Every structure is written in structure tokens, then in C-alpha cells.
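In what follows, subunit A forms one complex with subunit B and a second complex with subunit C.
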Partner chain A sequence: MRIELNNSLDEIVTAMTALRAYADSVAVDEAARQAAALVLDELLTNIISYGLKGSQHDPIILELDIADKNLQIRITDGGIPFNPFDQPDPNLDLPLEQRQPGGLGIYLVKKYMDEYSYRYSDQQNIVTLRKKLAPAPDQAGKGQ
Partner chain B sequence: MELKTTVTIDAEKSVARVALSGALNTDTAPDFEQDLQKVIAGGHQLTVLDMKDLEYISSAGLRVIFKAAKQTKAAGHRLAAANRKPHIDKVFEILKALPDMAVFANDRELDDYLDAMQKQVRGG
Partner chain C sequence: MELTKRVLDNTVVVDIAGSLDTQTAGSAIDALQVHLDTSPDHLLINLSGLDFVSSSGLRVILRAAKRVRAYGGKMKVCGAQGMVKEVLEISGFDRLLELHDEEAQALAAF
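== the complex of A and B ==
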């Protein structure tokens, strides 16, 4: 499935609706759905709020696929080059009051996905994420 | 998905309960922050975020909660998260946020805590 999203935070709802429709059509388990929803929210918020801020760009491309028993998510945008996975992780060993704000969203993306990668090609940021699908349809998402 | 918040204040026990229903994300976090800040400004000993009907949380929502946790702690008060669904709990766990927040798995634990707090107040 491939959809185009405009540079507006409202489009995150569009992405969620597309994810739900896709997940229903290919029987994605609940844990993978929740993980996918979270990472889409985090990454699209970043791209729309910072990467594409204040200028005209081509639409953001969202692609959802099943590859090697993984739910694969690819997000392509023509904003300023930015590797989200290159940022330092937040220091979670500090108590809350000593922590610096920021970095939580990307950290969650790393934790929720089994694979994540970034490349910059043809003036496009391309983020690819993979989440393993539960092997059987019984009680998916109750693992760990 | 929308977020609905319902605030209940128990002045006698100095407890504010904020029940969240729906999704706390980029979309809903700014309004929630306003609501929560108003509650915190009330200076209650304990502010409980009741997450029984919270379906989804993202980092935008967590930032609002962590900020409020810092503020309440600085004021000598507590912010608590109660009735967390397993997938919401997991997010808090990943971010190692639980030790800094009074956390209650359910209403029973919360009531026990409130009783203990009351006794402390009466006793001291």
C-alpha cells in the first residue's frame, strides 16, 4: 500500500486510517499494529513539524508492505536531510526532573521496531522500519 | 482519536483525579497540557491520572506528563498514573518513568495509598 500525505499534522490521522485498513487487509497482529501506530505518529510529527516546516515540498510518501514476515513501513520525504537515528538516546538513568526534554519519540521508535534504517537519496529522506509479525493468529501481542 | 478528560477534586483529601479517555498524542497533547496545568496549579497533595480508558499515548503526551511530574515533585506533591493498560504501561517502563511517579496498578492500590496518607496527616 502506498499513500501520499500532505505537510500537515492532520495527515497523521489519514496515515492511521490507512494503517488500520492495511493491517485489516493482511491480518497484522495487535502488537505490530500498536507499534506501527506509535512510530508513524512519532516520525510523521517530526517530519511535518521540523523537516518540512515553512516551505513547499512534494508529499510525504508512506508505504506499508509485508516482507519476510515483517510489517515494513517506509516513509519518504523531501525535507531537510535528517537522520533521526543519529541522535543521542535520552539518558533514562536520570530521575525525571533531571532529564532533558526531547529524544523520547525516536527512542520509542527504536525500541518498538525490530529493524530501522535511514538513507538520503535523490534529495529524499528515506526511513525504513520493520516489525516482526506474530507467528500465529492466536493471542497475538501477549508475548514477552 | 479524540481525548476526553474529566477532572474530579476531593478537597478534603487534597486529591485531584484526572480521567483520560481516548488518545494522548501530538494532536491532543496541547489541550491536555492546559487542563493538567490548571489542575496542578490547585496545589493538591496528589494528582492521579486515571488511565483506565486511555487507549494510546505518544511522546508528545509523555512530555506533558513528565513535565507535570517534575513540577509536582518540586512543589512537594505527587503525580500518579493509575489503571494503565498493558501497552501504556510498557511505554512508561521503556522510558523508566515509573520510579519517579507514584504508580497504582488499580483503584484498590490507590485507595490504600490515600488511606495511609490520611492516617499520616491525622497522626502528624
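== the complex of A and C ==
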């Protein structure tokens, strides 16, 4: 499935709706759905709020596929070159007063995905993520 | 996202339900702000009805905790389950805030 998203935070709702429809059509398990929804919220928010800020760009392209028993998510944008996975992980041991919310989003993406990668090609940021799907329920006891 | 306020003795309980994400975080911050204007001594955030949270949602909780700490109040969080509890733990919020499974436990701990 491939959809194009405009440079607006409202478009995250469009992405979530597309994710739900795709997950229904290919029977994606609940854990993978939630993980996918989380990473879409995190990465699209970053791209729209920072990467594409203040100028006209081509649409963001969201592609969802099943590849080798994984849910594969690819997000392509023409914003400023930015590898989200290069950022340092947040320090989770800081006391409340010093804790900043920044950096948690990408940290969650890393934690919730089984694979993540970034490349910059043809003036496009391309993030590819994979989440293993849960094995199909055992059918052995069916009908008993 | 739905945010409702209850008052139990001297504790303000704020129930946040639904999805706390980039779309809803702004209105949650505004609504929480109103409930914090009276600087309640005890604030309990009940997340038992929350089924999705992203880092934008964590920002709402972190902001409330800092605010309450700044005026000398106490804040606790209860009821997180499933994905919401997992995200709080991965983000280290279980070390940062006092998390309780049940509302009664949290109220008794103030």
C-alpha cells in the first residue's frame, strides 16, 4: 500500500486510517499494529514539524508492505537531510527537573521496531522499518 | 482523547482516556492546565482508559509532573496497562514518577 501525505500534522490521522485499513486487509497482529501506529506518530511528527518546516515540498510517501513475515514501513520525504537514528538516546536517569521530552520519540521507534535503517538518496530521506509479525494462531485444536 | 476531572477529598483525579498522541496532546495540555490552576496538593492521573500513548503524550504527563513539583504538590499516576504501561516503562517514567496499578493504591500512597 502506498499513500501520499501533505505537510500537515492533520495528515497523521490519514496515515493512521490507512494503517488500520492495511492491517485489517493482511491480518496484522495487535502488537505490530500498535508499534506501527506509534512509529508513524513519532516519525511523521518529526518530519512535518522540523524536516519540512516552512517551505513547499513534495508529498511524504508512506508505504506499507508485508515482507518475509514482517510488517515493513517505508517513509520517504524531501525535507532537510536528517538521519533520526544518529541522534543520541535520551538519558533516562535524569531527575524530573532535568528531564526533557525531546529524543524519546526516536528512542521508542528503535525499541518498538525489529529493524530500522536510514538512507539519503536523490534528495530524499528514506526511513525503512520492520516489525516481526506474530505467528498465526495454532490451528491444531480447531474444531475440538 | 477524553480528559475528565474528579475531586476525591483533597485529591484532584484526572482521567485521560482514548489516545494521547500528536493530535490530542495540545488539547490535553490545555485541559490539564485548567485543573492545575488551583494548584491542588495532590494530583492523580488515572490512565486506565488510555489505550495509546506516543512521546507527545509523554510530554503532557512530564509537563504536569514538573508543574506540580514546582508549586510543591504531589503527583502520582495509576491505571496504565498494556502498551501504555510498556511505553512509560521503556521511557523510564516508572523511575521518574510514582506509578500504581490501582487507583485505590495510589490514593492511599499520598
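Going forward, the second predicted complex is superposed on the first by the 134 of 144 C-alpha atoms of A that agree within 3 Å, B and C clash if a C-alpha of one lies under 4 Å from a C-alpha of the other, contacts with A are read in each partner's own complex, and residues count from 1 in each chain.
Note that contacts are C-beta pairs under 8 Å (C-beta built on N, C-alpha and C of every residue); 3 or more make two chains touch, one makes a residue touch a chain.
Not measured: the values here are computed from a predicted model.
Judged by the touch definition given at the top, the superposed model places A:A18 against neither subunit B nor subunit C. Of the two partner chains placed around the shared chain by superposition, subunit B and subunit C are both touched by A:L9.
Shared-chain residue A:D93: touches subunit B and subunit C both.
Look at A:L108: by the touch rule set out above, it reaches both subunit B and subunit C. Of the two partner chains, subunit B and subunit C are each touched by A:Q34.
Taken together, the two complexes place residues 9, 12-13, 34, 37-38, 41-42, 45, 92-93, 95-97, 99, 101, 104-105, 107-108, 111 of subunit A in contact with subunit B and also with subunit C. Here subunit A touches subunit B in the complex through residues 9, 12-13, 34, 37-38, 41-42, 45, 49, 90, 92-93, 95-97, 99, 101, 104-105, 107-108, 111, going by the rule given at the top. Across the complex, subunit A meets subunit C through its residues 9-10, 12-13, 34, 37-38, 41-42, 44-45, 92-93, 95-97, 99, 101, 104-105, 107-108, 111. Interface residues of subunit B, counted against subunit A in their complex, comprise 25-27, 56, 58-60, 62-63, 66-67, 69-70, 73-74, 87, 91, 94-97, 99-101. For subunit C in complex with subunit A, the residues that touch the partner chain are 21-23, 52, 54-56, 58-59, 62-63, 65-66, 69, 83, 87, 90-92, 95-97.
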